[in-house]
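Consider the two complexes below, in which chain A is the common component and chain B and chain C are the respective partners.
Presenting the complex of A and B:
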């Protein structure tokens, strides 16, 4: 029942878009019926032959940004979480930085790393880093200290305690943070590309928008959305696997 | 302990600034990209007037977007959250809209609304609206059914039910949403100013970055960050006061 209503709603929105799009100035808005041919031209590489290269570049930027964010976030989170004093000193400072909208750092990154891929990777890294770090901190707080004490009492070394007690106990929180981190790394790279780049999906979107090729713009946005939704679906799959494993 | 933590925080920041200053003076980093803190302070004095005007502009737009997000978010959340069918139908759409990067529609928003305050306010509002909407919808769903039943059986009108039962019951979630929303609104406004601004801090920072004016850029970034942290701390403080008052 709800599914049917949802589908009807979706159809209504599309129909409304079609009607409004036909009535509107074609430079400003295009109906879905005009987007489909544009999407076909795009996917057949007629309108933007460099689509595969751009997609690949954006994916590479995301992979690098996320990889760095995970590595640094885990390292930083465990460094802050394992020592009480260190955590109490630097934890609030990290939280304060988290209260700043991340985009304020982007101009500095652009100045520092230039207009090419490096500034996008740096921004995606920055956005992904915080949720990973904060998830590690939250996860460590969740570990029951008695479990650690018991493991120690039975003669487990620090490595054993870490791998067999702490990681399983905090895995679920950690995986959630890793998923949020991926979503934010993806957003960071795409925001960076749209705010200024010469290559990548963001550059193509800006190009289409700048030339008022609105149908191409919508098609490019749809392709980028598939990339974003796909990455999140992958992360959610991993999350469910991990959940089953911990249960 | 608290005193020691505070002291260590101050010492860490001082040490970092000292190391940075030394590195810049000794020429270990290129002052074109990483200016010394003293140069940043001088730049802050120099750009003070311009930056404060930009900040006022940005914060004004953010305030409008924020009021719109809170009012629309709470109203829509109450309405949708309290109707079971509506909530179940719309929930996945709301979550999806919350999750997808809004930057993809930014070019189109600018295309339709032009340059100036309108796209910034609109984009800031859609950034702030969704976290509030999602939280309020969830909170209304979880309101104790007994409260509603009792109010109904004592003859409460629909208006009284919303105003006297549901709204007070969801205050904590509204406050949590308000705290999240303000950073999102500021983020949205800054992104638009960077993408297509002619005024405001986002524009000012982009202009400094494009002009390779690193000291001025760092000063402007510090100013925006400080303003953002101050706003969040003020909201936290207000939150605490209100929770004391609620008891």
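Presenting the complex of A and C:
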């Protein structure tokens, strides 16, 4: 039933888009009937032969940015969360930094890291880092202290308490943060590429858009969308698994 | 019972806690000896340090002065080979099934999966949890959860079982039934039980000895010996008399704990 409604909605949107697209200035909007051929040209590597290379570069940047964000976020989160003093001193600063729209940092990232992949990775890292760190902090607060006492009473040392109590108890929150972090790392990398770069999906989008090749532009956005939706679907699958496991 | 060797010796222990409103003395020079196979109940007003005392026996709380000996050796930390604890609100791991919760202590001791599964499965029968092996704590009633927690303690098969108000959160009927069930387990396993409760009835029906504690700072006010056979009836003349005596002792302390007025 949901599938049918969803398909109906999709069809309606496409129909509306077609009608509106035909009526509008072709430089600003294109109907699906124009996007489809452009998409075919794109996928057959005729309009943008460097699509695979760009896609791969963007994926590599995302993987690196996200990997670093997870590693640093976990380390930072546990360091702040396990030590009450450190957490009380730095926790609020972290939350305040998170509230700043991260894109304001991008110009200085470009200055530091240049126009190539490094600045995109840095920006993706910056965006992904906060939700992971904050999820670890929230997760640690969620752990029922009684369960830690129980584990200690039954002979668990610090390592076992961490592995057998802390991690499972906070897993769901943690995975939620990891999922948000992934989404934001993806956004960071692509936004970074759009704002200034010569390669990657963002650069292609920028190119098509700059030359007012609107149909190509929409086709490129669609490909990028598949990438983003795909990564989020994967993350949501993992999250649902974890939910069934915890609580 | 009195002739049995002293398994537990609490000698002049004192414990202070630092709170935001200054230091609070939870226990003051408490001494108590418990022999092997006893069912010794600690009873007293809220905040009298019963749980602190139990924590010391379990190695989770260190006394400021005095010492606690189990089997003649001073307690320096949790020792799950000699002492198992059942906590007030079960404290089950929500991500573990009944069976996995019961196995927890054995897992920490490095017992092989196959063997600990066997031990835990065998326990499910007497725990009344057969058919619930694969259920998660959220799928169990309060009484069942507490039985899983007791199962977790029984699985590591220690001489000593510490129980901190294990049935405190249960309704009275469940509580009475759980008491009967525990009595049966205790008589079969011949463990030494230290039991904390607020319930006079529970104390009178289960204990071989009852130690009444004073209002804070906690001290042992008096120790009652109960020689009656099991199962006991609250209506029996001996228990009625003991109940009156116990109540008068506890009443005084509870009043003191409340500052002299209700």
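Simple rule for what comes next: the second predicted complex is superposed on the first by the 237 of 247 C-alpha atoms of A that agree within 3 Å, B and C clash if a C-alpha of one lies under 4 Å from a C-alpha of the other, contacts with A are read in each partner's own complex, and residues count from 1 in each chain.
What we mean here is this: a residue touches a chain if its C-beta (ideal position, glycine included) is under 8 Å from a C-beta of that chain, and two chains touch if they have at least 3 such contacts.
None of these values were measured; they are calculated from a predicted model.
Trainee: Quick one: chain B and chain C on chain A, clash or fit?
Mentor: Once chain A is superposed (C-alpha atoms), there is room for both chain B and chain C without a clash.
Trainee: After superposition on the shared chain, which partner residues are touched by A:160: those of chain B (first), chain C (second), both, or neither?
Mentor: Once the two structures are laid over each other on A, A:160 reaches chain C alone.
Trainee: From the CA centre of chain A, what is the angle out to the CA centres of chain B and chain C, nearest 10°?
Mentor: In the superposed model, the angle at chain A is 90 degrees.
Trainee: Of the two partner chains, chain B (first) and chain C (second), which one does A:88 touch, if any: first, second, both, or neither?
Mentor: After superposition on chain A, A:88 lies in contact with chain B alone.
Trainee: Could you tell me if A:100 is touching chain B, chain C, both of them or neither one (first, second, both, neither)?
Mentor: A:100: touches chain B, not chain C.
Trainee: Give one of first, second, both or neither to describe whether A:233 is in contact with chain B, with chain C, with both, or with none.
Mentor: A:233 contacts neither chain B nor chain C.
Trainee: With the two complexes superposed on chain A, say which partner A:110 touches: chain B (first), chain C (second), both, or neither.
Mentor: first
Trainee: Which partner does A:147 contact after superposing on A: first (chain B), second (chain C), both, neither?
Mentor: After superposing on A, A:147 lies in contact with chain C but is clear of chain B.
Trainee: For A:187 in the superposed arrangement: first (chain B), second (chain C), both or neither?
Mentor: In the superposition, A:187 touches chain B alone.
Trainee: Between chain B and chain C, which one contacts more residues of chain A in the superposed model?
Mentor: B
Trainee: Between chain B and chain C, once the two complexes are placed on the common chain, what is the minimum CA to CA distance in Å?
Mentor: Superposed on chain A, the two chains' closest C-alpha atoms are separated by 11 Å.
Trainee: Let me check the overlay on chain A: which residues of chain A are in contact with chain B and also with chain C?
Mentor: Chain A residues touching both partners: none found.
Trainee: For a test of understanding, state which residues of chain C touch chain A in their complex under the given definition.
Mentor: 58-60, 78-80, 84-85, 87, 89, 91, 93-95, 104-105, 108-109, 138, 152, 156
Trainee: Considering the complex alone, what residue numbers of chain B touch chain A?
Mentor: For this pair, the touching residues of chain B are 1, 4-5, 8-9, 12, 33-34, 85, 88-89, 92-93, 99-101, 103-108, 111-112, 183-184, 186-187, 190-191, 194-195, 202, 205-206, 208-209, 212, 214, 217-218, 221, 224-225, 228-229, 232-233.
Trainee: Which part of chain A faces chain C closely enough to touch in the complex?
Mentor: It comes out as residues 144, 146-147, 149-156, 160, 164-165, 168-169, 171, 245-247.
Trainee: Flag every residue of chain A that touches chain B in the complex, lowest number first.
Mentor: Of all residues in chain A, those touching chain B are 2, 5-6, 9, 27-29, 85, 88-90, 92-93, 96-97, 99-108, 110-112, 183, 186-187, 190-191, 194-195, 205-206, 209, 212, 214, 217, 221, 224-225, 228-229, 232.
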